[in-house]
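In the two complexes that follow, chain A is the common piece, with chain B as its partner first and chain C second.
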Partner chain A sequence: MMAATHLSADNNELLERISWSQIEANERRLQRRNFWVAFAFMSPAILLVTTFLLTPVVYNIFLSFTRWKKFKGLDEFAGTANYVKLVTNRLFADALYNTSLWVGASIIFPLVIGFGLAVFLRGVALERTFKSIIFLPRIFAPTAVGVIWFYVYAPDGVVNRFLSFFAGGEVDIGWLYQSDTVTPAIIATFVWQTVGLVMVLILLGLSAIPKDPLEAARIDGASSGQVFVRIILPLLLPTLLVVTILSVLAGFTVFDLLWIMGAANPELRTLSLAVFMYFEAFQKGSWAFGSSIAVVIGAVVLSVTWLQALLQHRVDKMIR
Partner chain B sequence: MTVAIQDLDFEALAAKQQVVQKGVPVKFIFAIFISAIWLVPFYYLIISVFKTTEEYSVNHPLSLPSGITPVFGNAVVAWQQAKMGAGLLNSMLYGVVGAGLAVFFAALASYGLSRIDFRRKNFWFMLIFAGTVFPFQMYLIPLFFGYQKLGILNSQLGMLLIYTAICIPFPVLVLRNYMNGLSREMDEAARMDGAKEFSVFWHIILPNCRGPMTATFLLQFTWIWNDLLFSTVLGNRTEVRSIMNALQVFQGSYSSTGPNVVLTATIIASVPSVLLFFLLRRHFMEGMRVSSI
Partner chain C sequence: MTGATSALAAEIQLFHDKGFWSEPLQTVGDAAGVATGNPITQVAYSTPEQYKAFIQSAIAGGDVPDMFTWWTGSVFSELVETGALAELDGLWDDLIASGDFSEGTRDFYKVGDHIYGVPLHLSRWVALYNKEQFAEAGVEEPESWNDLIAAADKLKAAGFTPFHATVQDGWRGFIWFQEFMIRTDPEAYRGLHDGSVAYDSDAVRNAFEIWSDWYAKGYFSDPRSNEEVADFARGKGSIYLIGDWAIGLIEAAGMTAGEDFGVFIMPNQDPSLPASVIVEGGPIVLSKGALDKPEVVEALKYFVSVDGANVWAEASGNSIGNSNAEPPNVLVAEVNQQVSADATLAIDRWWEAVPGDIQGEVVAELNRFMLDPTMETADEVMANIQELNAEYWADN
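Take a look at the complex of A and B:
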């Protein structure tokens, strides 16, 4: 007791002698020192990302409001002229329509088939082998896949030979040469390549589901359909959300597969927004117009990402 | 819940069991059927490579080749006409150096973001992470102009710079999370002993991050190897072309060579990344798990 009071008296004396502003200054100095040390560590990443990624984005937005002034070599401010041109452009409407088709198909088909296969292949003999086979196309570059399927779809290629085998007569459809067959044909290739990844992601999601509620529901007499709808599906929602968003983003920015496989189609340039943008900017040299298409793609991608963050939050809350 | 033995219908249970056992072969056959559909394009790819151009054009696309020797002729023609040697070397350079530098810079940044205390950490993280938010289409036109002005359009340096930059943000996300999970005791102890920040990073943190660094490196390497867009826009000169761009140009050139030769080129272009996947499958799967969460 004695010792304690003695100590506290000592402490009080000590406290009076401490200058708080001194401590604060020290603290601030330490913070500042820490910041510069951390900044030194971050600087290569920050420098590269701002120079080669963020600055271009800003400049792209700026460009989309300009017009190339002939002979002067200067960018002239043009207001929203490029965007007005976009809205009234027939080709842009076509590209947007095809992109929507792409996005819709690239969500529905891989998800349904991937989900189906993930459930179906459970417990089948040689399960791992089958899964590896379905995943195999994913290991190849879209460019390589595009080249292979370009010849598979050729007028005298594998697809037509199959069809003529069943039809009994000669079939020589130019799948990639006609505007009404080229998009479905490329979508089929895309599905062939992506289903494996979607399947693996869904399997990862399924394996994370705790077994106890499933057992409990079964013991209480729930049918497997009820178990699926009431328990598995809600718990799988985060995975499904991620897969869906990835498909939407991929659908809006797809380039390689269309570029390779659509090369034979006269209307290649409207196959997707990304291809349309490439055509306008790098083949026609309409830089400002091309940059406005890029801004539209960016706006869509950003709103989808934002929507994902929103939904993710909701889903996380719901599960808890 | 209890079940009385006499309530159980053993005959029904046995019948159900039988259905289950009978169901397996049907499922199995269906699985084989699906796999066969999936494998047809690969089968077609492999047999075509062993055909001469004449053989290819005359026979059914799925017929077996008459010999295996034509593959050498095809490979030689593809190698020479598609400039595959240069393409492979360029892609190797972009992939190894680009992804390697990106993961190293990402590890540095993650160290700063996770092991050092300073204010407004989140701002700096978001600044770097913003590099994954925008679609590539928004980079292309400004980069093309900027590269032209700097004189690095169609140069290996230019390609390396954009590939490195674009591959930084994702590893930062992964490595920062990973480093946040590492115990702070080790580096605090080292700092007490007077170790400099960099040597804490180099000797203590980096060796502990080998797993996620390998996984992210492989993902980024494969992405660079497979990229066509940036190579087409910023590196479209024979000497700097990446392998996928070289393949694309070769396929589109309507040369006198047949599909068999182009398909041979496709295999040559795909072998490195496919081989890498099979050799390091575990790391790839880890990378995929990390990127989906």
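Take a look at the complex of A and C:
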């Protein structure tokens, strides 16, 4: 008891010697030091992101308000003229419509097929082998995939030969040259390449679902359908949202396959927003106008991604 | 990239977008080093789009490469308007005085009152034909429009496809369009390029009618091939209308120039029209600042000299139009002879002559016609092109 009293007196003396302001100053100094240490660790990433992402984005936005075309106009302010021109441009509506088709297709088909494959393959014999085979196209560059499938769809290519075998006569469809077949043909190629990734992500999501609620539901007499709809699907929602975000981004920015496989561009069906931007900027040299298209693509993608992030937040809260 | 040009300013660099000619260009560059002590290093850009972006930003930024390639026609005029190019009138005076080049060739690089380029290549767009198929069908080189149609009928009857044409790579749609136009109404063809003739005029409609009729008669090969040169070598078409730069590519595909395939210049539909041929002449240009660098001027002089032209011809199979140089192959020699004998007029290729702003969209429409070559489609195509054309000329 005596010792405790003695210690308390020492503490009081110590506290008297160290004023609160000194403690606060020390804490601030420590915080500053921590900040600079953290900043030093983060600086390579900050430098890279600023140099190669933020600066070009800001510069692109700046360009979209100039009159830069071909060799001149970089120093001429255009106000919103490029955006007005974009809205009234007849190709913009075509590009927007085609891109919307792509976004829709790139969400629905990979998701449905990837989901089906994930559910079907889970736990079957040779699961790993099948997964590897289905994932394989993902490792190829889109340009290489475009070139391969260009020949697959050629008038004397594999698809027509295959159909000819079953039709009993020569099938001579110009898949990439007809306005009614070019988009489905390229979308099929896109699905072939992306479905593997979607399947793997959904498989990861499925394996992360806890077993307890599933077992409890089955003990309570829930059917497989009820378990799937009421438990698996809600718990899988965060994964599905991630997949959807990736698909939307892929749909909005699709370029490689369209550029390689859609060179014939029948009735402008392969003119997506990204192709339109490239066409205006790099083929016509309308740099400022091309920049305004890029800004619009960026704004739309950001909005959709932001909306999906909000949804994800709500889903996370709902699951918790 | 402009920084890179400054950093390497000590060496002479030739910037271009013709990656497929990188090796032959370097061969000439090395030969220039041996002959003048100033080797040229070629710097290739993989696509024309990237290359144009580089040059446009270099000029906008005021750091123009000393020596680079470009295109003739409207895009050349736009480049000259920047004031970044050196006038090469003095050099051309010497080239003409020596008899190496004709005034006609010089005028290809003339904008306003001055000359701003020398030829990287000077290609004539001619009809290459399969000799074996011609012999089998009993066909001679046609000398008139009627001969041409008779030859097509005979080839067709013998089981061959008379004309080979595709939409490969999306740019080839203009080839037969320009040919029909210059063979039927060259004045209207020229008028298309300054907005004075409409794309839905009678002259254009006439060209489309012939084109559509020939498709209906089965004269043309499947336009959907993606192996145009190889398909010609495989015998999928008897007559292949293309720049003479393709001769080397056809040889690489297995045919021998002069033995397996020959050449003729397409005849006019109207025999009273003067003999003419489409010419494509990609220029090499110098920046204004390069005139202060004697080594760059010397390197350019070597490129257009007889020795330089011979090295280039042997390495690439192309001609730069130097009259005293050896032709790169027997077919170009034959074309040279025919052009001289008939005083053949050189006409600008459509690709260079048409305003660059509408070039891509117009050629997409021409491709559309080739994929569905009916007059119904032709009417739509003509209307669409004219809408683009009128819009462009209203704004410019």
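In this text, the second predicted complex is superposed on the first by the 260 of 320 C-alpha atoms of A that agree within 3 Å, B and C clash if a C-alpha of one lies under 4 Å from a C-alpha of the other, contacts with A are read in each partner's own complex, and residues count from 1 in each chain.
Keep in mind that, in the parts below, contacts are C-beta pairs under 8 Å (C-beta built on N, C-alpha and C of every residue); 3 or more make two chains touch, one makes a residue touch a chain.
Bear in mind the structure is a predicted one, so any value in this text is a computation, not a measurement.
In the overlay built on the shared chain, the residue A:Val304 is in contact with neither chain B nor chain C.
When the two structures are aligned on the shared chain, A:Val171 is found in touch with neither chain B nor chain C. In the superposed model, A:Leu117 lies in contact with chain B only, and not with chain C. In the superposed pair of complexes, A:Trp68 makes contact with chain C only, with no contact to chain B.
In the superposition on chain A, contact of A:Thr55 is made with chain B only, not with chain C.
Contact comparison for chain A: of chain B and chain C, B touches the greater number of residues. In the superposition on chain A, A:Met42 makes contact with chain B only, while chain C stays out of contact range. By the touch criterion defined above, A:Ala274 reaches chain B but does not reach chain C. Judged by the touch definition given at the top, the superposed model places A:Val200 against chain B, while chain C stays out of reach. Of the two partner chains, chain C is the only one touched by A:Gly285; chain B is not.
According to the touch criterion, the shared surface of chain A, contacted by chain B in one complex and chain C in the other, consists of residues 150-151, 154, 263, 278, 281-282, 287.
Considering their complex, residues 31, 34-35, 37-42, 44-46, 48-57, 59-60, 63, 117, 120-121, 124-126, 129-130, 133-134, 136-137, 139-144, 147-152, 154, 156-158, 161, 192, 197, 200-201, 204, 219-220, 239, 242, 249, 252-253, 255-256, 259-260, 263, 273-274, 277-278, 281-282, 287, 290-291, 293-295, 297-298, 301-302, 305 of chain A touch chain B. Of all residues in chain C, only 49-50, 52-53, 56, 59-60, 78-79, 81-82, 84, 167, 169-170, 222-226, 356-357, 359-360, 364, 367-368, 371 touch chain A in the complex they form. Contacts from chain B toward chain A in the complex involve residues 1, 24, 27-28, 30-31, 34-35, 38-42, 44-45, 48, 60-62, 105-106, 108-109, 111-113, 116-119, 124, 127-128, 130-131, 133-146, 161-162, 164-166, 168-169, 172, 197, 201, 225-226, 228-229, 232-233, 244, 247-248, 251-252, 259, 262-263, 266, 269-270, 273-274, 277, 288-289, 292.
On chain A, the positions that touch chain C within their shared complex are 68, 70-72, 74, 150-151, 154-155, 174, 177-178, 263-268, 278-279, 281-287.
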